[in-house]
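See the structures that follow.
What follows is a pair of complexes built around chain A, which joins chain B in one and chain C in the other.
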Partner chain A sequence: MSIEVLLKEFAEISEHPRRQIQAFKAEGKKVVGVLPYYAPEELVYAAGMVPMGIWGSNKKTISMAKEYCATFYCTIAQLALEMLLDGTLDDLDGLITPTICDTLRPMSQNFRVAMKDKLPCIFLAHPQQRKPAFGIQFTMDQYQHVKGELEKISGNTITDEALREAIKVYNRSRAARREFVKLAGEHPDVISAVSRSAVLRSAWFMIKDDHTAKVEALNAELRALPPCDWKGKKILTSGIICDNPKLLQIFDDNQIAIAADDVAHESRMIRVDAAETGDPMMALAQQFADQDYDILLYDENSNQNRRADFVVKQIKDSGAQGLVLFMQQFCDPEEMEYPYLKKALDAAGIPHIKLGVDQQMRDFGQASTAIQAFADVL
Partner chain B sequence: MAKEVSPGVLALRKVVEDVYADAREAKKQGKLVGWSSSKFPCELAAAFDLDVMYPENQAAGIAANRDGEIMCQAAEDLGFDNDICGYARISLAYAAGKRASRKFDPETLEYVINPASGRPLKDENGKVVMGEDGKPKKDPKTMQPYTVLDDIHEIEALPETTEKEIAYKNFRREAIKPYRQMRMPQPDFVLCCNNICNCMTKWYENIARMCNVPLIMIDIPYNNTVEVHDTNVAYVRAQFDHAIKQLEELTGKKFDEKKFEEACANANRTASAWLRVCDYLQYKPAPYSGFDLFNHMADVVTARGRVQAAEAFEQLEKDLAEAVKVGKSTTPFPEKYRVMFEGIPCWPKLPNLFKPLKEHGVNVTAVVYAPAFGFVYNNMDEMVRAYYKAPNSVCIEQGVSWREGICKDNKVDGVLVHYNRSCKPWSGYMAEMQRRFTEDLGIPCAGFDGDQADPRNFNEAQYETRVQGLVEAMEANAENKEG
Partner chain C sequence: MSIYTLGIDIGSTASKCIMLEDGKEIVAKSLIDVGAGTSGPQRAIDQVLSEAGKSQEEMSFILATGYGRNSLEEFADSQMSELSCHAKGAAFLFPKVKTVIDIGGQDVKVMRVENGVMTNFQMNDKCAAGTGRFLDVMARVLEVDVQDLGALGAQSTKYVGISSTCTVFAESEVISQLSMGTDKRDIINGIHQSVASRVAGLAHRIGVQDQVVMTGGVAQNTGVVNALQEALGREIHTSPLTQYNGALGAALFAYQKYQKAQK
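This part shows the complex of A and B:
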């Protein structure tokens, strides 16, 4: 299949998650919504169900969710609740609600209360002390709970064998996406910022086997291309999410390519694989323990500036000339890490801009001006 | 009318003064001083005789001293977004070395007085003295210098070769505002327990980075059930053991079981006395205002492991028993309505919060902090369970049950809900809680927007309107009951 055809398919899926859910349901599959961050989707897959990532919406407006939320909460969480309340997600069979930030903590309660008698909500609390043995044990205990709840929804027992198989499928998916990120950075003439986002975003709405097959096909096409002589600029994107095609179009219009990313919705979630041998629950817990350099996660060596140093290295390794931080409004973990990110970037002589974003933004005039001006200094 | 101050209240004030004074002294002597989150198990540090300070209590104090804005602004200038918790911003600015200071003339080394400061001058009959401009004259004794931002690192980098330079440097050191929260020693280590919020994790990581000090972390993940599951206890219990090892390495001392048990006994005694003091709000009319409890929180936060805190609360308990006996109350108005105040108060705006309540005869007879600090336990596992149940780490059912319990016990007629811009975990499920209070208890609720530390997020007009609305609803409720 040609690159163009593949990209078109990714774009279609990326823009129509509800259609995807309906198609799965029509095939008799059960679908479980998975909220950010770090939920072990492998368990959903191993239970024979489809995990559906829920990262808010670029098309909805907060209305019914106001009954639960004050205004100063991130729109990703609020719009997830909005879609649960307005019927968009009525076809779901369950919902996993992680609680790793201060918005998701109380929101886990709002989801459960609002969905009472309508949708089983599976609570998940990750440990911040995830690396020591007692932390790994706690992750396993939590995942065990999630597993039990998923089994109730699916009616299937999740065997170790099925879970190991799921881990393989997910490792392969992550590897394919990581390679795609690299190839997209090398071929911005073919993979626009808008297309790149669609490829990565659609992963949340597809059964991973299908998504991986398409990404691997795309990667093969990209690998076969001659090296690209890019005349524009290259940047690293950072933040929770930047999947709005209108916003990303500004980058394409200004010949700014995304060399790599430090975005939760994209690469932060696919950096670490799980072991394919041994106890698969332990493998998933160890995988979470191995997650690092994330604003959401506790750093045992916090008196160093490891995360920011990691991002600086990513920029240098990817050939990016600067960093664009998509600062999700009301995201305090991201905001808390900004001063030290800025410090490391300044020390390394890397220019950056911080763009305030939220999912209800419809007018990107200001962002456009800022991005254009930024391109000029790169 | 000046409020009469009871012996218990005086004792409580002294306890907090001593905590700060002891830490300053410890620092002077070259001993380690730590900073700790308010609900980190203080019993662990006490076993090592460590002096520990509490940035949340400090930030509240700085905000109440009207320096919240300048410190928040200083943090914003360091790159911290104004959306971040006000306590965290104040604390991070402080950790970075920023201080609210008094403006002075570098030549004369005299303070530059702000003409807008100070209280009106009164004559011997208590009448306000008017100036020639027709405006009330200011009492010069109460006038203050302008507030400016300073930086201890800048000060310490100043030269001190000439006498003039030395005098200037010393004066600049002294110009830092003299209240205790602005003179808290910098940390040699930090103790973080994120049971109240995850913001705490990143806040303390930032302090550790800024000051290059070790961080000891107790992670308490959010809990979705009223019970604390054994696996959760095991996780936190293991962290207690881990923290003890880290403290042993830090101090070079062995964990002192006896001191630990002593601190536990004191903490239990303080918590029990605190709860009994809180229970005096059940009397109708209450012998004091719940706003006073906010002031005493400093003791529970900074000194619950000290015997003096337990004794002071027990003294206050006696004072209250006496007040009830003679029918006295420190509330400076007749109590017409009783409400629960939900959330942390807006520290920079306490008088503004109080004003419309006083006008309408609304006494705060229930605050969520009452059960929130009542850590009572008999052994290490129970201690884990106690610390697991912080205000923002519990599920909605537990949160509602705590609140409805005190609403019933303390006989409230309504609930005033602070939607606190600084506190996402606290405000995050308040709308649902409000619905439950009204449904379960048949009492009206009113919410207002504010902030625990940043005065820019409080709208006085909105607050007054909401209090007015609550009063009308409580009035209608009372009429219906009588009717």
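This part shows the complex of A and C:
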């Protein structure tokens, strides 16, 4: 299949998640909503259901969710609830609510209260101390709880064999996406910022086997291309999410390619694989323990500014000339970390800009000015 | 034969044009008090061409900038962000400039300039605090002309703090002060200090170095300029061409681009 056809398919799926849910339901499948971050989707897959990532929406405005939410909750969480309340996500059979940030923690209870008997909400609390043995045990206990709830929804027992198979499917998906990110950075003449986002975003709305097959096909096409002599600029994106095509179009209009990313919705979630042998629940808990360089994760050596150094290295390794930080409005972890990131970037002589964004933005005039000016500075 | 280039700055509240001869001499300028999405850009263009006695065809290169820069795709040869143009214009007027502060109708920008080239910048968040719009709203509440704010604020005899940087909350604060009978001139002075405080905070993020130049329409307000000088502890330079600075930068870039195309 040609690159153009594949990209069109990814774009179509990326823009129509509800249509995807309806198609799964029409096939008799059960669908479980998965909120950010680090939920073990493998358990949903192993239960014979379809996990559906819910990272807010670029098309909705917050109305009904206001009844439940403090105004300083990020739009990602508020719009997720909005879609649960306005009927957009009525076809879901369950919802996993991780609680890794200060907004998602109370929001897990808002989801529970708002959904009452309508939708089972599965509480998931990752440990702060994820690396020591007791932290891994805590993660396993939490995942055991999630597993039990998913078994109730699906009516299926999640066997170790099925879970190991799910881990293999997800490892392959992550590997394909990681390779795509690299190839997209090398071929910005073919993969625009808008297309790149659609490929990665659609992963949240597809059964991973299907998504991986398409990404691997795309990767094969990209690998066969001659090297790209890119005349524009290259940057690294950072933040929680930047999937609005209108915003990303500004990068394409100004010949700014995304060389790589440090975005939670994109690469942060696919950095670490799980072991394909041994106890699969332990493998998933260990996978979470191995996650690193994310503002949402506790770092006992945070005084060493390891995360910011990691991002600086990412920029250098990818050939990016600067960093564009998408600062989600009211995102405490990102805001708190910014001075440390800025310090490391300044020390390395790497220019950056910080764009304040939220998912209810429809006009990007100011962002357009800043991005265009940034291209002049690079 | 002389080379004529035209710079057009379509802002959110005004449209400005500058015509340059050989990238050095200002031949004509125009300013219309309405900006993007209005008849302002066309009227400003007509006016500058008429003043110079020139036609569009005689312009070797036309470059658009400002919030509405993309709306002139059919007329302009190219477009650039207003940050680059403001830095360029300020460096033309003040060759030693290192910091440019531009307070426009709906945003605030601070630019670091090295040897006439922008090397870093900061913009305000998507909020009207500290912008020309903030002053417009306050002038309306106070029932004074926005152009008189500088002179009125200079007559203040008593400090009145306007603590809110949010336009909506500050408006409530001003109304509250008015209802208590506070002198308008003292309130205006407080508003200027509020704007200066907000803008100084933004400027410090990239570091302020002399020479500091302030551009944009708000630079005509001596109250804001003085308050900002105090907040930064540095002299701020302004030009009578302050409102035209973005258009001037655009006309300079237009000349550069024309020359490059000829090579």
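Operating definition for what follows: the second predicted complex is superposed on the first by the 378 of 378 C-alpha atoms of A that agree within 3 Å, B and C clash if a C-alpha of one lies under 4 Å from a C-alpha of the other, contacts with A are read in each partner's own complex, and residues count from 1 in each chain.
Rule of thumb we're sticking to: a residue touches a chain if its C-beta (ideal position, glycine included) is under 8 Å from a C-beta of that chain, and two chains touch if they have at least 3 such contacts.
Just so we're clear, the structure is a prediction, and the values are computed from it rather than from any experiment.
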### Message
After superposing on the shared chain, does chain C or chain B touch more chain A residues?
### Response
B
### Query
Taking the superposition as given, does A:Tyr298 touch the first partner, chain B, the second, chain C, both, or neither?
first
### Message
I'd like to know which partner A:Asp141 touches here: chain B for first, chain C for second, both or neither.
### Response
first
### Task
Please indicate which partner A:Thr99 is in contact with in the superposed arrangement: first for chain B, second for chain C, both, or neither.
first
### Message
Contact-wise, after the overlay, does A:Ala70 reach chain B, chain C, both or neither (first, second, both, neither)?
### Response
first
### First, second, both or neither for A:Phe330, with chain B first and chain C second
first
### Task
State whether A:Asp376 touches chain B only (first), chain C only (second), both chains, or neither.
second
## Note on the structure
Residue overlap on chain A between the chain B interface and the chain C interface none
## Note on the structure
Seen from chain A, its contact residues with chain C in the complex are 351, 353, 356, 361, 365-366, 369-370, 372-373, 376-377
### Summary
In the complex, chain A touches chain B at residues 67-70, 72-73, 99-103, 105-110, 112-113, 123, 125-129, 132, 134-135, 137-138, 141, 295, 298-300, 302-305, 327, 329-330, 332-333, 335-340, 342
### Query
Which residues of chain C touch chain A in the complex?
67, 80-84, 106-107, 118-121, 123, 125-126
#### Entry: Contact set on chain B toward chain A in their complex
78-81, 83-85, 88, 194, 197-199, 201-206, 208-209, 211-215, 217, 219, 221-224, 231-232, 234-235, 238-239, 242, 392, 395-396, 419, 421, 424-432, 449
